[in-house]
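Here subunit A shows up in two complexes: once beside subunit B, once beside subunit C.
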Partner chain A sequence: MSLTADEAQLLSAVNTPNSDAAKISRGLDMFVVAILFFAIIAAFHIHFMLTVGDWDFWVDWKDRMYWVTLTPMLLIFIPAALSYPFMQKFGLPISGTLCALCLAIGEWISRYFGFHLWTYFPFSMVWPAIVIPSLMIMDLILLLSRNLFITSIFGGSAVAFAFAPTNWPILAPYHIPVVHMDQLVNVADMIGYSFTRTATPEYLRFIERGTLRTFGGESTIISTFFSAFVCMILYFVWWKIGEWLTNLGTIPNVLKEYVGLGDDKNDK
Partner chain B sequence: MISSKKKLPAMRILLTKAIFTMVLMCIAGTAFAHGERNQEPFLRMKTLHWYDMQWSVANDATVQVNDEVTMTGKVHFFSRWPEIISWPDTVFLGNATPGPVFVRKETYLNGVPMIQSTAVEPGRVYDFKVILKARIPGRHHVHPMFNVKSAGGLVGPGIWVNVAGDADDFVYSITTRTGVVIDNLGTYGVENVVKWHLIWAGFAVFWLIWWFRRPLIIQRYLLVKQGNWKELITNNDRKLAVLLLVSIITLIIYANDITREAYPRTIPLQGSKSEVDPSPDLNDGRVVVKNLLAEYYLPGRTVLIKAQVTNNAKSAIQLGEFTAANLRFINKSVPAAVKGVQDGYPEELMANDTLGVSDPSPIQPGETRVFMIEATDAAWETERLSSLLNDPDSSYGALLFFYTEEGERIVSEIYGQILPTFFD
Partner chain C sequence: MAVTQNEVVQPQAIKPWKFNLKPMIIGMIILIGIFGLARWYQQWAAWDYGLDATDPMFDVYWMQVFWGEIIIEVILFFTFVGYLWMTRDKHLNNLSPRVELTRLMLWISMLVVYAFAFYFAGSFYAEQDATWHQTVVRDTSFTPSHIFLFYMSMPVFIILGFSLFFYAITRLPFFARKISVSLVIVVCGPFMLLPTVGYNEWGHAFWLMEEYFTVPLHWGFVFFGWTIIALSGVLIQVMKYMIELLPQVTNSKGELTS
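== the complex of A and B ==
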């Protein structure tokens, strides 16, 4: 698509170093980035807490089955939806990375103030999962391919494929066996048992249930492959949702006249 | 534009709201306990009955950070378990405290470790033991509690415990099965978690700065519209993307390799269920109790029960105690019942007046007697048990403690419909 004369003039102006247009353009960039930063922290963090929830909150919920399966699936919604406007409107393959960083900041703020200072849970119990490499790989594949189909297959699946191995280095110390009261548990179980969650008893932990245990003890790998397959589809679906929302345009607001602003029709 | 005349009321409203908020903040009390009185009476009367409660410290005692507090006692799972909640085939013994202000060190049900959940048998009694370790300074209400699947937390009687000292002095050390000594469970592994979060955040920040250092919105929007993708995504961008992709994958592989070396022996989360046998049934049909009529007399805060008791034991028995929802009414004319009141039992759960029994003479072996039981105390109101009259199933459940002449205690359930009497 070619630019109009005004747009071409504007592009030329903002491309001129030290011009007023360039400075204003840069000021707008910083302003929007700051707003976007807080908006994504708020939106993505709330989405993640409401959907992944306990699996991400507690060290003794981070199992080989549901945590590994569900987290990437629920993680991909917003970054995939934002990939469309970021890439197709601004040529920026950064939605996954930005979302992941904002999520990490939001989660640590929540864990520090909400879980640790307010409700006394130790950090060993409430650390959040690492999601940056998963979503960053998604961005990098989008940049290199600039193709929705390829990014869905390789980028979407990478969100799941990278998740468990990225987190194992921080989770493994909590899976060392412990014998407490003559019972075999691991350190994570022990932490979950010791630091009281009054309304979240042991039986509420939705972990390691189902027949996946019968697959030769390779629950993590099987969960990851299943999650990766679903993530491929979810990336495509949420990209399309992002596309639809981005191109919605605006609807004339006929109610504006009732607050003394005149409606859109009259403005025209 | 808002005129100055309109501004004035707006300011007044704002000021009023600010003053109102400040007044509310001044008069609002602090919530310390767990809202146990707010739990529906049928849940408190027809699920668990706690008795023989003992605490290792007195009510309102002060302990230091790292000191232990032990709670022991018996818990009776009511045989007429409410239909609207699940059968207690998945329950978890714990403590009701304001979160992890105490660490739960050990819990036992009939001597079986309760690190996992278990199933229990309604109508039966279990001995429990909960050992806590003080962690966060403050004044805390401490109860034993059973979480029952689909019913939530059912709390036992609680006492106040003051924790003094510094929370930073708290330590909880364990040794793993592989011989690793963990100095403090609350901080274990956190440094490693933060390290890896920062490493990956470094990657993300670098990638974002790579793009943010260039003009973003107006210029790039116009370039996209122009279709000038060579300028939008340059060869350097592609080279860096490949480099980062390789670096990320390599780092993930490397991190997993060193983790495998550092922690060669790991096990998954343990999610099994424990099995516990109930205590022997000490009643075993020796005393059979039947509710004939029960009334709640609102003006007098009195529960009146007409009961039929059959004594199948070998010696005469007397009714010594009536207990419902942790509230205890003692027949003070029965020495064994008075002796059964443990030191430190919460005063607010002890009735001031004696338990009234219309015929206090011992019930002889083989005798069936009908008599009236009268349990009067304002606690029916303060413990919010009178609201059972608002329940669709207006019924009650309680335990009766009978004592033989030798001082042996025989516990029996009593339950039935309860009728309200609203006026004198």
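== the complex of A and C ==
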């Protein structure tokens, strides 16, 4: 691909150390980084909290059915959508890692100032799920393959496959059984029972109504496998949504006469 | 008066490039001040006066804040948008590339402030709303968390978003010639988070009394939150335009020429 004269001049200008063009270019980069940082925290966090937030807020909600199944599915929406502009426009397969990092920052600030300082819940009850490894692997597949289909299948599924294993080391101690008032519960349920939440549903939710035990009876693997299947599709769909939202183009401005652009030749 | 040769050939001094970061820094400080003060007020007044909407003290400490912020926000919205329209540049066809570049960089720096305001609404105060409603109380549409989430944080980024939109179409030829659909979505999508409060309150009033955060009546916020993805489109449009604009004001050594 050959450069136009203007593009060649610009390339030379911004590559000249300490030149005005280089300063302007780096300044623009810094603004873009700051904009993306705050906007991704906001967009990803509001999406995440209102689709799988309940499982993410409370340790006793972190079950092996809904939490393991739904969280990776909803986790992939925004990173997949932003993979398109980051990869196709800038050659940067960093969308997943950036989104995961932004989500973690937004969640921890909220858990500290909201859940801990305002309503006095311990961190052991309100820690957010660990999502950085899952989305880093998604980025890694995109980096290595540079291909939408391969990343959908292997990167999308990796988000689900990595989710339960990366969270298990922190969750496992909460699943130790204890006897409370002659009832067998686990530590997470005990914590949930001890700290009152007046407006949530009953603290012991009925889950896993089914009795069939496939895959050797390991429910977490079944949830992960189903989630991985959906993640493959969702990655592709949301990449396309990202592509559409990035390339929306322009429409005529009926007010331009009021700013002196009525007969502007650029419109023709 | 006679014009001397000296005056004609005297080259005009080129002003060195300097980013105008003052508006961005002042904007960020104001936002930190507003949101920090609101968070402090919640800590001070929510537990003592915000637990019962029928308590007369609730009117004093919370509803007065609500009405005060609503009045200020409406005034600020029309002041900012009205000012930007009334003082618009009526000769954008004659705008020099250097002035356009300066304005474009100022506008982008203010996008940082917009994104910062959106962070408080979409992340900080939004999730804080969960802990209050799930674990303390939700007895009215105007709770101590809602008064600062729906009726302060959201209007703040709406005011900033519309102000940025009007700045763009009145001072930047790139956005004034044709309207960027991505920019419209980036401004109007998050704006729709506020009307979606109607769906939320309707759902809680007639349908679901328990506070799940993942119920469908909250998904309106999710849908309109997605619209911020269009920000990538705005930034790419700006960067592409910079590829055209920058060579008009710099030479191949990167020095300013105008």
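One rule holds in what follows: the second predicted complex is superposed on the first by the 234 of 268 C-alpha atoms of A that agree within 3 Å, B and C clash if a C-alpha of one lies under 4 Å from a C-alpha of the other, contacts with A are read in each partner's own complex, and residues count from 1 in each chain.
As a working rule, a contact is a pair of C-beta atoms (placed from the backbone, for glycine too) under 8 Å apart; a residue touches a chain by one contact, two chains touch by 3 or more.
Because the structure is predicted, anything quoted here is derived from the model rather than measured.
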Inset, instruction - With the two complexes superposed on chain A, say which partner A:89 touches: subunit B (first), subunit C (second), both, or neither. - result: both
Inset, instruction - Tell me which partner A:251 touches in the superposition: subunit B (first), subunit C (second), both or neither. - result: second
Inset, instruction - Scan A:259 for contacts with subunit B and subunit C and give back first, second, both or neither. - result: second
Inset, instruction - Figure out whether A:71 sits in contact with subunit B (first) or subunit C (second), or with both, or with neither. - result: neither
Inset, instruction - May I ask you to decide whether A:54 touches subunit B, subunit C, both, or neither, giving the answer as first, second, both or neither? - result: second
Inset, instruction - Identify the partner contact of A:121: answer first if only subunit B is touched, second if only subunit C is, both if each is, neither if none is. - result: both
Inset, instruction - Name the contact category of A:34: first (subunit B only), second (subunit C only), both, or neither. - result: second
Inset, instruction - Examine A:45 and indicate which partner it touches, taking first as subunit B and second as subunit C; both and neither are also allowed. - result: second
Inset, instruction - Based on the superposed arrangement, let me know which partner A:199 touches: subunit B (first), subunit C (second), both, or neither? - result: both
Inset, instruction - Residue by residue on subunit A, keep only those touching subunit B in one complex and subunit C in the other, then list them. - result: 7, 10, 14-15, 22, 25, 28, 32, 89, 119, 121, 196-199, 201
Legend entry - Parts of subunit C lying in touch with subunit A, wherever the complex brings them together: 16-17, 19, 39, 42-43, 46, 88-94, 101, 105, 108-109, 111-112, 114-116, 118-119, 121-124, 126-128, 130-138, 169-170, 173, 176-182, 185, 210-214, 218-219, 221-222, 225-233, 235-236, 239, 242-244, 246-247, 250-256
Legend entry - For the subunit A and subunit B complex, residues of the former touching the latter: 1-3, 7, 10-11, 14-15, 22, 25-26, 28-29, 32-33, 60, 62-64, 88-94, 97-98, 100-101, 104, 108, 119-125, 127, 130, 132-133, 136-137, 139-141, 143-144, 146, 162, 165-166, 168-170, 172-191, 193-199, 201-205, 207-209, 219
Inset, instruction - Under the touch definition given earlier, write down the residues of subunit A that touch subunit C in their complex. - result: 6-10, 12-16, 19-25, 27-28, 31-32, 34-39, 41-43, 45-47, 49-55, 57, 77-78, 81-82, 84-85, 89, 106-107, 109-111, 113-115, 117-119, 121, 196-201, 241-242, 245-253, 255-256, 258-261, 264, 266-267
Legend entry - Touching residues (chain side subunit B, partner subunit A) in the complex: 34, 90-92, 94-106, 108, 113, 115-117, 135-136, 145, 147, 149, 152-153, 172, 174, 176-178, 180, 182, 185-190, 192-193, 196-197, 200-201, 203-205, 207-208, 211-212, 215-227, 229, 232-233, 237-238, 241-242, 244-245, 248-249, 251-253, 255-256, 258-259, 262-263, 265-271
